[in-house]
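Pasting in a structure now, in structure tokens, and then I'll have a few things to ask.
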Amino acid sequence: MAAGGPLSTDDLVQLLTPAGERIGHQQFDAYASHLTPEELRAMWRDMTLVRAFDKEATSLQRQGELGLWVQSWGQEAAQIGSGHALNSQDFVFPSYREHGVAHTRGVDLVEVLRIFRGLQHGAWTPADHNFHLYTLVIGSHALHATGYAMGLTKDGLVATGDPAKDAAVVAYFGDGATSQGDVAEALTFASVYDAPVVFFVQNNQYAISESATRQSRVPIADRGKGVGIPSVRVDGNDVIASHAVTRWALEHARSGQGPVLIEAFTYRMGAHTTSDDPTRYRPKAEEQLWAERDPIARLEAHLEAAGELPDEFRAEVEAQAKALGERTRTTVRGWTKPDTLGMFDHVYAEPHASVEAERAWFDRYQRSFADQEATR
Amino acid sequence: MTTLDERPATARTQHAAASGSGARAERPAPTTMTMAGAINAGLRAAMERDPKTLLMGEDIGALGGVFRVTDGLHKDFGDDRVMDTPLAESGIVGTAIGMAMRGYRPVIEIQFDGFIFPAYDQITTQLAKMHYRSGGAIQLPVVIRVPFAGGIGAVEHHSESPEALFAHTAGLRIVSPATPQDAFDMIQQAIASPDPVMFFEPKARYWDKGEVDTTRVKAQLDTAAGASTGTAEMSRARVAREGSDVTVVSYGPTVRLALQAAQVAAGDGTDIEVIDLRSISPLDSDTVVKSARKTGRVVVVHEAPTSFGSGAELSSRVHEQAFFHLHAPVLRVGGFSTPYPGAVFEHDYLPSLDRVLDAVDKVMAH
Amino acid sequence: MTTLDERPATARTQHAAASGSGARAERPAPTTMTMAGAINAGLRAAMERDPKTLLMGEDIGALGGVFRVTDGLHKDFGDDRVMDTPLAESGIVGTAIGMAMRGYRPVIEIQFDGFIFPAYDQITTQLAKMHYRSGGAIQLPVVIRVPFAGGIGAVEHHSESPEALFAHTAGLRIVSPATPQDAFDMIQQAIASPDPVMFFEPKARYWDKGEVDTTRVKAQLDTAAGASTGTAEMSRARVAREGSDVTVVSYGPTVRLALQAAQVAAGDGTDIEVIDLRSISPLDSDTVVKSARKTGRVVVVHEAPTSFGSGAELSSRVHEQAFFHLHAPVLRVGGFSTPYPGAVFEHDYLPSLDRVLDAVDKVMAH
Amino acid sequence: MAAGGPLSTDDLVQLLTPAGERIGHQQFDAYASHLTPEELRAMWRDMTLVRAFDKEATSLQRQGELGLWVQSWGQEAAQIGSGHALNSQDFVFPSYREHGVAHTRGVDLVEVLRIFRGLQHGAWTPADHNFHLYTLVIGSHALHATGYAMGLTKDGLVATGDPAKDAAVVAYFGDGATSQGDVAEALTFASVYDAPVVFFVQNNQYAISESATRQSRVPIADRGKGVGIPSVRVDGNDVIASHAVTRWALEHARSGQGPVLIEAFTYRMGAHTTSDDPTRYRPKAEEQLWAERDPIARLEAHLEAAGELPDEFRAEVEAQAKALGERTRTTVRGWTKPDTLGMFDHVYAEPHASVEAERAWFDRYQRSFADQEATR
């Protein structure tokens, strides 16, 4: 791809070099200056836990305990960095790979696996975490995020001057999603209504097998220019930079200045999902190159160089990761199939004749087997 | 023009009883309204009832919508509650979903039937499924108003009847009023309902007039159980005319036609019972099956193409549940398996009095 | 796994006769193929036959599609004829329409059933109507391949059966193969057809194996009238098993189930005739009505929700045309009026052997 | 609207001042320098004829001879200017208001009225004029245009070096259309596949009653920036400038350099359609202002100042306009309803059982009335 294309690494905001060295940035330094070693350690912990969980889920899928698993491997910095920039009153619309963000919103990662075990389509109550359900239909939720943000404005929760009140929305989606008409319409609505929404694109360079060059001939961040939305490209493997630009964007949105588009340039280190086979479409050398740019290792190098990653802390996180892995295994294996009649629940909020009739029929039908059993 | 489809006596009394309102004594005289006027009044009442109710659509503000159904509302409720949107139907439905998640009750106007399809994905995979996929945690009380069906001599894409394309998807309620009274009541019940409702407005009937009692649904919706009662009520079919020989089932634009057919047939000694379904999802097949068991003969009429239309579902259910009471198979009278043709052909394309009577003759032949 | 639904003897002979091919003498031994392999081979044959045939879709190039149905084709035909597209279904169908206007024959892969809806407007208002609105001046030979239906334990949106949502719209042909042989033949007939065709591939059957004779359809399509003959042929139902007591009608994923039911019922002394519709639009109701007149009892099986599904249309037509030959009403066995549930429930949700036999028992009770 | 919004008149390419004075332009002068007085007169003639026809159609609608009419009034310069830049091998995808372009493609304007009399949906054979049918579903045809252009590339008809062979596509649509997801997807496909397509947006400032500020907060031309498509804003009431930028864009596309987006800033002088009532949403004063900027008057002033609009020519065009008006009236009034069974034709190219059965049924049904009549 020519320079300036969607895989270009020019103009990425960076606050940590790949070697872990903290560097300055005229605009965004201010949004990272509050980060204490403790907070950086918290990010490192979150990234490490999410990756451990991700691995565990992958192996549970291999063992047949899950139907599918979607890894966030490689995208932890973009997710945890941005997730740590959120206030509790902000609302998030994830795609399906945002386990890192889910974790920062207090969603129990283990519960997420209910979806991938086929028990239910949504596995948490969005209002409890200000974190919407995963959306699998690419791009659809960008519009929901925009509408929710428009609602925040109507509710008077933007530009109040009270930081404990001002709220914004973040919509996460991928490079591939930016080709969808719905995402374009979301950008249009957001800009026209000045909605307090941050579009956070994780450009992980692939939409399943397709390179981001298949979606755009310019950087994905340019999509903002088409509708007058300010945008920024950030090194998505740099957790500090990802955090800083998101803080900036959220302040922009919460203060009534309208939407922002962030492109976090990163890499999907694993397969698209456990059903995918990346050897068919990308060279091992590329994977290796990006393995060397591991986002967790980068923060680790930074903290170590500063002497801020003591062994006790490492050990503590390691133990937590292990415990999470164990809890994941035992919980998932303990899940049993719920009552079949539950399949008919919640189709509507009010009774609907077809659903009621079919539920009643199925109940009788199921019982008829039980009765047959009983009379044998 | 006075309509033939006003049989308020039975239907209204029945409703009043159902809603348990005791306000009959103070009821003011009913007002005469067009259907468009009744929907306008219903929207206004809903917006006054609940400040979270807002309208979204193309040209619904200053213009009042291309059919003037939202006339005056922008002036009285302002930009914040009557929102002219960008020209993007998926965007309208998608952002309405987000607003509903934030506690609003968006009422969308789609300008014409043929322009609902860019929003099809948002309606089918998002709006319809959110309550289910969230295990009941998220309600989406979104109403999508669609002026639909033909008969007005319009150009392409302005005369379609896509209701069956939505009825197959669980999670949506699909209703269509046939009279100003029902238009007034049902739009308010649809807005009050916690479920997404597609509200199909028979545009050729917009200027038909009828008496509207504005008090009944108000009393109903002001109660704590109003949303439930109202949802249940708009989901029930209405016997628009009692009869004993043949049941003619219809909804929306063609109810008037069914009543005309009944009038003509009465002259020939055939007593037609006319059922106005009002709701397509749920389909009140119980009411139809009851009638079918009585008359033994059923004809279904709608404007949508017959093939794979909602008449197919109704026909199947009547056969399944009343087979041994039927003297003849259920017949369907609908549009043809072609795109909606040029306006000069529309009266050939649409179900006509002759075609309905032809079907009635056929079922009467057994 | 060997499939139960292979009755090539009758069906194939019938076809060979229909196509008038005299090549029987030199016919090579049939090959064993999976359905996915048969579609792959059919695509390859179509691309070799006509250089204007090209493939479009998400991940169909280097990856070979998420089901590997286009495996190897990118390698052999290159970027220009196997096009990985941007992630935008409306864009895929819309640009395919433009390419078809320029003389190409685009074959689109939609990755999963649940992702067809963003393209719904282009399919319904553009692809389906262009031939009609141009008075026949513009043909759009576009094929849309949709891996559909459930049974593979997938997450949301990956197991749906939306065929009825397209069959109501005139201008589209809707087909679905149930065997590797039909998959191989019909994909080529669909591509050769001058009309837009939606080709629903039962994904749970992709890995079922069967014998495929690769010569017959070649001989057919190489003739001058090949496109017409092929279109007509793929539009006809196939009697997959002859029987005298009950007709079980199905298509695509559930034909195997119908044949299993026939086998079990045979043990109980009930002789089931199994009809594989193959085409939903047009619906070959003549073949079904003929069978219904013979057996007097009909059960329709499909995975899509029963309500407003294609079974409703079939049921209506059978009643309309064979009412006085029926001993019992036509019964339908399908999915429920809920969104497709979590994978742990799918075998409760989907038509099962027990549910089909239960319906057979019910119609046999009369 | 703030400066820089979609109603801004800054940065419009202009080659004729509103007073009709020819001015220079660094980039685009070269694309207008070939225009002889004769060619300018031809444009004036076309604009004048199209407007006369438009008026005639409007009055026919008022008389009940047409169900609806969509005026091109005010947009003649954008349409005739760009239409005159097309080569015969180029292909056009119009929206529903492009009567001016239709005229330049040799479509008989009178035939267009078949659509508005409800006789048929399409009233010409696209391949005869390289002019597609009108598309009423906003934005849909932008994708068809892009696909067609991709086909031109595949056919080797781009960048051949032979100007008689090189071809491109022009897609016309309005400001409102730019909000549709389909238009965004068309821009994406066009840019990724470098399709030889020119997106020609007539920003007539309204989508029915909605101001263009409801669709965008930046100039519509910026939509190109989002996907890396070069774009230009032109004074759409300046026929010479509209012509010049379109020539440039077409050369760009035909020579293999990919798509271009043109925003022609103009004004819809009439109602949206004959069903519309603009008094409900726009001030008379605005209409008057734009009446003073009439695109035909501008070219007229230019030609007159140069002494290039002799009375004989004026008289000739006037006579042509009158003749066209008369032919329009008599032709339209002469149209009768075609055979009803034709309603069943062309649903499919090959026979379809439902259509055949219904046609046969309807034929019998119709005849049964005739038979009844006959036996009376």
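Chains here go by letter, A, B, C and D, matching the order in which they are written, and residues are numbered from 1 within each.
Here is the rule we go by: a residue touches a chain if its C-beta (ideal position, glycine included) is under 8 Å from a C-beta of that chain, and two chains touch if they have at least 3 such contacts.
Just so it is clear, the model here is predicted, and its values are computed rather than measured.
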Which chain maximises the distance between its CA centroid and that of chain B? A
Taking contacts as defined above, which has more of them, A-B or A-C? A-B
Taking each chain's centre as the mean of its CA atoms, how far is chain C from chain D in angstrom? 41
Using the average of all C-alpha atoms in each chain as its centre, how far is it in Å between chain A and chain C? 37
Distance from the CA centroid of chain A to that of chain D, rounded to the nearest Å? 45
Which residue numbers or ranges of chain B touch two or more of the other chains? 85-86, 88, 90-91, 114, 117-118, 121, 125, 129, 132-133, 156-157, 170-171, 281, 283, 307, 336-339
Two or more other chains are touched by the chain A residues 120-121, 137, 179-182, 185, 188, 192, 214-215, 347, 352, 354-355
Looking at the complex, which residues from chain C come into contact with chain A? 58-59, 61-64, 66, 84-88, 90-91, 114-115, 117-118, 153-157, 307, 336-339, 341-346, 348-349, 354-355, 358
For chain C, which residues count as touching chain D in their complex? 80, 85-86, 88, 90-91, 93-104, 121-122, 125-126, 129, 131-139, 170-171, 173, 193-195, 227-228, 231-232, 235, 281-286
Can you list the residues on chain A that touch chain B in the complex? 120-122, 125-127, 132-133, 135, 137, 140, 142-152, 154-155, 181-182, 185-186, 188-189, 192, 345-355
Enumerate the contact residues on chain D facing chain B in the complex. 67-68, 115-121, 136-138, 176-177, 179-182, 207-210, 214-215, 275-277, 280-281, 337-338, 340, 343-344, 347, 352, 354-355, 358, 362, 365, 369
Chain B touches which residues of chain C in the complex? 114, 117-118, 120-121, 124-125, 128-129, 132-133, 156-157, 164-165, 167-171, 281, 283, 304-305, 307-313, 315-316, 319-320, 323, 326, 328-332, 336-339
